[in-house]
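For reference, chains read A, B, C and D in written order, and residue numbers begin at 1 within each chain.
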Amino acid sequence: MPKISLAEMEEIAHDLPWVDMLGMKIDEIGEGQARVRLPYKADFLRPGGTISGPAMMGLADYGMYVAVLSAIGRVELAVTTSLNINFLRKPGQADIIGDCRLIKVGRRLAYGEVLLHSEIEHLDEPVAHVTATYSIPPDRPA
Amino acid sequence: MPKISLAEMEEIAHDLPWVDMLGMKIDEIGEGQARVRLPYKADFLRPGGTISGPAMMGLADYGMYVAVLSAIGRVELAVTTSLNINFLRKPGQADIIGDCRLIKVGRRLAYGEVLLHSEIEHLDEPVAHVTATYSIPPDRPA
Amino acid sequence: MPKISLAEMEEIAHDLPWVDMLGMKIDEIGEGQARVRLPYKADFLRPGGTISGPAMMGLADYGMYVAVLSAIGRVELAVTTSLNINFLRKPGQADIIGDCRLIKVGRRLAYGEVLLHSEIEHLDEPVAHVTATYSIPPDRPA
Amino acid sequence: MPKISLAEMEEIAHDLPWVDMLGMKIDEIGEGQARVRLPYKADFLRPGGTISGPAMMGLADYGMYVAVLSAIGRVELAVTTSLNINFLRKPGQADIIGDCRLIKVGRRLAYGEVLLHSEIEHLDEPVAHVTATYSIPPDRPA
């Protein structure tokens, strides 16, 4: 069972400037996992007709945040400490979907991965792969 | 001598959705190096009063793009292939400055690093450090 | 079907100084995947009774090499271009197993991940996670 | 002033299996920095006549350990939590030198970078670049 509901997560997202600026959505929340979506906008295109890298980084970072909260509950002050992205293919002009899963949830750190794919392409042809570490504040209520 | 001028670079930046959305500026261009700036906006804050991670990723990625073009000339189709960010300190509510330098410029790949610091803090107290690889398209005119 | 057999891979491994020095073994080869093993030796321990980091990096790098050759055939000159490791738990004093799978196999680059776990611990309690990119030489015979 | 002497560091190195196995040396220690060396051995070559990746990862990891102890004193239980290496050029058949400097030294984490170059090549033509994070145990004596 996820430790945060979609409704709560959407409420938190109101305070995340990035979510609104990019129009990001949550498709699903599991425990320690999440599927998030970057609805396609022509605004995101950069020279070459590719969706710009930072839009995909923003999606992966958001997906990780949702996955972390789904595992530890409403700890809004969890923050990214590192993020590593590898771009694998040029995405088509379509929504980007990010599938996130945590690989480790510790007391102080959570670590996971995100596979990004374009909605019009195969799941086994990802456009990018991300790993990231989140720091969990020490003084959160048990 | 940089292989691209500030004026040219600003012209290219018109086609980069990210630059305008974040309000990013170029302070300086050298050959294989650049200083870029993310002017502070309250919009970038996330819970905890921190500037959100993706804004800093966007700044680093842009700085690398400027540095790459300063080394190889106007090759707009150069794209990020990987980016690794480590967040080191919570930035203050002020402009973020990114100092970028290329470590290697090859025929097909350029690799470099970006040190991000908050304008109101010391240069030796960076808020984040980034390494990134850009891919250079093979068919560019010599 | 893997494009390289276990016997061929063991023959290639004779020329890899690292494999012999660490005593690494291959448990299984699939197409684009491999399971490799670092048999436990007290020699690998560092202060704190932990298996030293470079031994685990060596295992992950070897596993990726096997996985790459399983996908593209006997291309011995494939080389690592980047490797990113995150240590997640202190491993016990036992064999370390590395499960590798490729996420993308392109014409020039292959990218994949490796999950390392200690043989005496649960698969869902990995000791480290690695992502790596291999470069495939352009002039290989088709 | 470094918080650890070369003599003390060499004493600690006796307990690091890796150092002896690879024959690594320390050229210099500064505060928060170190220069380490991997003396050339034909044993390190892999197909293609290149020095194998894990030998360079081992050198970088050791250099970071020396740099961390030079900044915080004799805390042998400091351990790597993540390491990211980018290979930039094929090294010649010569010693590899690693120049390490810490970018941040916090209470719990230290973060730094290592530039590796071949002794017979120019300093501005590095063979690899590494960033790494070390975890500092919480209960060390002040």
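Convention: contacts are C-beta pairs under 8 Å (C-beta built on N, C-alpha and C of every residue); 3 or more make two chains touch, one makes a residue touch a chain.
As the structure is a prediction and not an experimental result, all values here were calculated from the model.
Trainee: Tell me which has more C-beta contacts between its two chains, C-D or A-C.
Mentor: Per the contact counts, C-D leads.
Trainee: As a test of understanding: of all chains, whose mean C-alpha position lies farthest from that of chain A?
Mentor: Chain centre farthest from chain A's centre: D.
Trainee: Measuring centre to centre with CA averages, how many angstrom lie between chain A and chain C?
Mentor: It comes to 28 Å between the two C-alpha centres.
Trainee: Report the inter-chain centroid distance for chain C and chain D in whole angstrom, where each centroid is the mean of the CA atoms.
Mentor: So the centre of chain C lies 22 Å away from the centre of chain D.
Trainee: Going through chain A residue by residue, note those that touch at least 2 other chains and give them in order.
Mentor: If we look for residues of chain A contacting two or more partner chains, we find 82, 84, 86, 133.
Trainee: For chain A, which residues are in contact with chain C within the complex?
Mentor: Listed in rising order, the residues of chain A that touch chain C are 84, 86, 88-89, 103-104, 106, 111, 113, 115, 126, 129, 131, 133.
Trainee: Under the stated contact criterion, what part of chain C meets chain B in this complex?
Mentor: 82, 84, 133
Trainee: Mind pulling up the chain B residues that touch chain A in the complex?
Mentor: 12, 15-18, 21, 43-48, 50, 52-55, 57-58, 61, 76-77, 79-87
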